[in-house]
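After this come two complexes, each holding chain A, first together with chain B and then together with chain C.
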Partner chain A sequence: MVSYVIRRLLGLIPTLFIITVIVFSLMHLMPGNAFQALVGLNPHIKDAAKVIAQRMANSGLNLSWPQQYVNWIVNLLHGNLGTSFEFQQPVTTLIGTALPNTVTLALTAELIILIIGIPIGVFQANRVNKGFDISTSLFAVLLYSVPGFIFALFLIFIFSFTLNWLPSMGTVTAAVPWSGDLGDRIQHLILPATALALPSVAYYTRLMRANTLQVFFQDYVRTARAKGLRSGRVLFRHVLRNAIIPITTQFGFDIGGLVGGAVILEQIFTWPGMGELTINANLNRDYPVILATTLIFAVMVLLGNLIADILLASMDPRVRYN
Partner chain B sequence: MAEPLLKVRNLKTYFISKEAQVKAVDGVDFDVAPGKVLGIVGESGSGKSMTSLSLMRLVPGPQGRIVEGEVTFEGTDLLKLTERQMSDVRGNRMGMIFQEPMTALNPVLKIGEQIGEVLIRHRRVSKAEAKKQSIGLLRSVGFPRAEQIVDEYPHQLSGGMRQRAMIAMAMACQPKLLIADEPTTALDVTIQAQVLDLMRSLKNKNGTAIILITHDLGVIAEMADDVVVMYGGQVVESATADAVFDDPLHPYTTALMESIPVIDQDRERLASIPGTVPSAANFPSGCRFAPRCAMAQESCHQRMPELRELKPGHYVRCDLV
Partner chain C sequence: MKRKKALFSAAAVMTLSTLFAGFGGIGGAFAATAHRAPIVNGGTMVQTFPTAFGLNFIPFLSTSAYTAQATAYSFDSILRFNRKDQLSADIVNKWSVSPNKLTYTFWINPKARWSNGTYITTADIKLGVDWLLSTSYNKTDGGAYGYLLSNVAGVPKSGYLPDGQTPSGFKILGPREFSVTLQQADAAALPAGLAAITPLPAQILGKIPMSKWKGSAFDLHPWVGSGPFITTSVVPGQSITQKANPYYVLGRPHIAQNVWKVISVDVVNGDLASGQVTIAGIHAIDAAQMKKVPNLNLSVVPTNGFDYLGWRLNNATFGSVFSQVKFRQAVEYALNRPAMIKALYAGYGTVENGPLPPINFWYNKALNGTYAYNPAKANALLNSIGMKIKNGWRTMPNGQPFTPTLTISSGNATIQRQADFIQHFLQAVHINLKINPPINFNTILNQLNSDANGKQPIQAFLLAWSLSNDPDPRGLWRSTDNLNTVTIDWTNPKDPAIQLNDKLIHESHGMAAYNINYRIATLNKWQALLNQQLPENFLFDQSTVTAYNKNLHGVVFTPYGNLDPQKWWLSTGN
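Right after this comes the complex of A and B.
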């Protein structure tokens, strides 16, 4: 198992390299230029053309693309992501505050998805085509077919605006003694994480229901019953142990997707995460930030796939022994 | 004959849906004597598997249902037990092995756990004790490296080894009855013989009665003390193996025997019975074998024959013998 993980990690290196090339090329294909936006449009700056040229030179943007790429990679390997054109701060600092917020949001959403989606799917499969199954299945289709941001607005309207139970902005309450307490943070997490989770809850419910139903009809489940095992053991040890395998894989794949999905919801909930940083950077052509955030999203996807593979190998001996 | 271990009377198992009523098992009677091998033979689709699953009350629901009958095992009608009481019988006093050793074992659990959980369930032994006994059981079904096999997964074993592991599992609690549904059909010929040998030696050692289901009369000839021939969800002939082989009475049994593979000019030839097994959703109204029977008369198509005792202990469902 350990050697499997090490092999997989080494296998990521070429992929990462290719990703840096793609990210770098894509960014340079975007129209516009950072200093055009920052300087050119500012009426107080005289002789804008000269200032732009000066600042481009300072940032190394006048070099050839391959040279710029090499500089970026060398800095990257030293843990230096450059300095934001817009904020005049190291990109690592900006990401250092934004990334944990986004990861917290995404992981909380994953937790909600698993805790709600899996049991509902199993209950549905266990009493297939009975009242609970049919009603929750309809609800799941509804959840799944409505875009996440609609739920966000809906949740804000009900729980924040109308009932005033939960906050809908930021990560902490400002200017109160309990600001930033664990409880305060959790309260702020609930609505955005739920909005992010809801469409996937529906998807996981469907997936778990289908997997469980499929496993119910496997020969080895009949064998388990023929051994006289109690229905609880048959369900948990034989059915669910197999039905959960595709879920864990999906879970890994979704990590990258959820981080991406958080971008829009962060705007709605003014959540100071990667979403805000990314959108700003793209609007302002803040190259170092764009490069860094895009790279991080790509790494998240890779990491997710890696986690999916590791989970799969740990759950399925047929994969592990190949 | 001593009091039978298992008495099956008028067993009917149907698949009932809005569109159709499939009479998979339609009024089956037979006995299994303690410590003896009963062979059930018949072409594919004649209701053998559903009969055996009915005995274990494992008919696939919700459509499959035992609609009538009695299955008296060691004096108790199994069909009257609660599900919980029935689960105390399964794997404990009555074990079962299946045709496909490839799919009948759970792919993600170790062999040792799959055998051990039977002992934990019915014998209430500890995990460590279950593992120890699993090793002993694996050894008794002929595994040389039993200590390692307990920690291996099904995909690491060959088909024949998996069927041995299944047998070890089914025999773990030394059941009085082992039901084997086509246990060797999926295996190579040489492995088939080994598995049959193993079943025979376990039977002799533990006094376990066996219901051996197969479509292969050769296997029956080798193993069975008594024989039930099934066709169209019914018993068409039942007697001792000697009686069936020396003096087959039902035209279907005769036809089956003529279809045993014969070596003919360097190639194996299966002289199969012309026609096909009738669909259990739509049986002919008279004798179910009539459309394919060489001896069929007009009357055969009108009236369903009863199972009659033509000689002591020799039952036949045919009006013309």
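Right after this comes the complex of A and C.
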């Protein structure tokens, strides 16, 4: 198992290399750069072209692309992701603030998805074509067909604007003594995590229902029933354990997906995570931040895939670490 | 909110979109709330930023407009602009100018103190001057405001001095008296430059080399200030909390805490309605709906800026047409601007016929009513320059098809609708204007900045300017100004109109311009020239619509910002 994980981790390196080369090239092909936006239309800078050139030189942007890339890789290996052109802060500082927020949001959403999606899917399959199955299936389709940001606005309208129960922005309450307490943070987490989770809840419900139904008709389930086992025991011991395998795989894939998927929701909820950082960096051509955020998204997706594979191998004895 | 507009002393600063303009929350002096109830002290006021702010809070350092707004609450400049756009006392309460107009002497208000109770002295002023002219600020940190003091005697052509070196033109005459001598007399020197000198706490920053100011503990969280509210906490990307400065020179603020929150424009209206936000700029088209919210008041005031339609006069394909004054005049007559204001901004706006908006003190009233919507006149003008109609569309005078394109930035629905209206009205006079798919603003900048040969795809574009308190046109309108070159490129030195433009701009700040009547007359002539020449098609001045909670009182809404936050107060119920 350990050697398998190490092999897989080493296998990530060439993938990451290719991803960074592609992003680096695309980034430089985009017209404009950060300094044009900062300096280009300032009426008081006498020689904007000179200032832009000077700042580009200070940032190493006057070097050839390969040289810039090599410099970036060397710095990366030293744990230095560069300095943001826009914020004039080390990129590691910016990401150090943003990444935990996004990961917290994504993991909370994932938790909500699993806690709600799996039981509903199982009960739907257990009562297939009955009232519960039909009504929750309809609801699931509705949830799945509405984008998360619509839910976000809807949830904000109900729980923040109308009922004033939950805050609509940020991770903590400003200017109060309890700012940043665990309770304060959880309060701020509920709406964005729910909005992020809802469409996936529907997807997981449908997936779990289909998997469970498939397993229901397997020979070993019929055998278990024929042996006189109680239906609950058949469901949880024989059906669920097998039906959940594709869900665990999906869970791994979703880790990266949810982090990326939070981008728009983070804007709506003013959640200071990777989403806002990434969008701003791209709009402002903040190359060091673009590269760093892309790298992190890529690592998250690849690690998610790895986790999915490991979970699959550990849960299904037919799958071997090779 | 925009108390430090004086910082942008000369011509203008780009507004990226109506979103920012709306956000600025510029109110109107005329809309100040009258309230006879006794003033209450205390409470927390919440204001908003639409996107994340920067984290450098030492004055002039941040490139973020939002950070600058928050910083302006913590650090006052020596003089301020009042609701009538006149300079008035702040940290300095008295000033004089020498007969040769070269030396300004200032006296610090004896009551001016830092928020920790220590008195503000000329050492703090000197540090503020040294900072603006330092190598660290101007070379390493970009130095967007170094120009403010570039005319001070002893400042080299480079515009900066070694860190900690004071220009010879700055003299300390006593603990509360100092003078600044200029290299040459300039009528705009005080309002467009010296007024923005901002004292910095020598007791703290004087002990740190300027090269290390950026990112220092004080930069990230300045715990001492001279403005009405002092920063108490910063949550990056989320909020800045400020408390009332008990020693504020213009009087202790009534409101105990001011919080700047980053709130998405998607939800700010709801937050205003629910009372979670106290005051914020809103889109004009939402005004009618927000008016119905029981706990909100609205303020609508013109802004000190304008939107315009620019043509690249040097364009290799159609520049020969764009360069013709009659073409641009025809466009101005063809656009039904009042209708556009009604449709785009629910009527909250004013037609703009020159380089200064009608609200501006220096506006030439003779420009009123010029270029009223008149498609017949537009057609006549286009005919007069040989642009014949063929298959329904106008051609170039040489018979070639005339199909100019309009480039607009993405992410702004109002700009896109503006473009649709312009296309509609120009098509009505047979101009086949095409709208390019919206592109990122940075791409537009790139095209404008690299279009010296006129071969970039950009031909027409929509931009907006937010102007400073003083109407000094330098930086934007002279033929030698970089910003002129990279936007409209109205720079042909052989054009008599451009020569006259440069001459009038020069005269508007020379020795004679110290006489206000002379300056008004010169600026009037200059505005009339631009009104006739239309180097760009002036569109309109969008009003700023601000929604604020009914429990907020005393706000002075002006085209130059929401003034005097120390006088605002919060009643206890709605």
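Assume the second predicted complex is superposed on the first by the 320 of 322 C-alpha atoms of A that agree within 3 Å, B and C clash if a C-alpha of one lies under 4 Å from a C-alpha of the other, contacts with A are read in each partner's own complex, and residues count from 1 in each chain.
Just so we're on the same page, a contact is a pair of C-beta atoms (placed from the backbone, for glycine too) under 8 Å apart; a residue touches a chain by one contact, two chains touch by 3 or more.
Bear in mind that the values here come from a model prediction, so they are computed numbers and not experimental data.
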Joint occupancy of chain A by chain B and chain C, clash or fit: fit
Partner chain in contact with A:108 - chain B first, chain C second, else both or neither: neither
Touched partner set for A:276, first chain B, second chain C, both or neither: second
Chain C versus chain B, contacts on chain A by residue: C
Contacts of A:157 with chain B and chain C, given as first, second, both or neither: second
Touching partner for A:293 - first (chain B), second (chain C), both, neither: neither
C-alpha centroid angle, chain C to chain B via chain A, nearest 10°: 160
Touching partner for A:194 - first (chain B), second (chain C), both, neither: neither
Distance of closest approach, chain C and chain B, by C-alpha atoms in Å: 48
Contact residues common to both interfaces of chain A (with chain B and with chain C): none
Contact set on chain A toward chain B in their complex: 217-220, 222-231, 233, 237-238, 241-242, 245, 315-318, 321
List of chain C residues in touch with chain A within their complex: 8-14, 44, 51-52, 54-56, 63, 139-142, 144-145, 147, 159, 214-215, 232-233, 235-239, 241, 257, 259, 261-264, 266-267, 270-271, 273-274, 276, 440-443, 445-449, 475-476, 481-483, 486-487
Parts of chain A lying in touch with chain C, wherever the complex brings them together: 30-33, 36-49, 51-52, 54-55, 58, 86-89, 97-98, 153, 156-157, 160-162, 164, 167-172, 174-175, 179, 267-270, 272, 276, 280, 283-285
Residues of chain B defined as touching chain A within the complex: 56, 58, 60, 83, 87-92, 95-96, 98, 100, 103-109, 117-118, 121-122, 153, 155-156, 166, 169-170
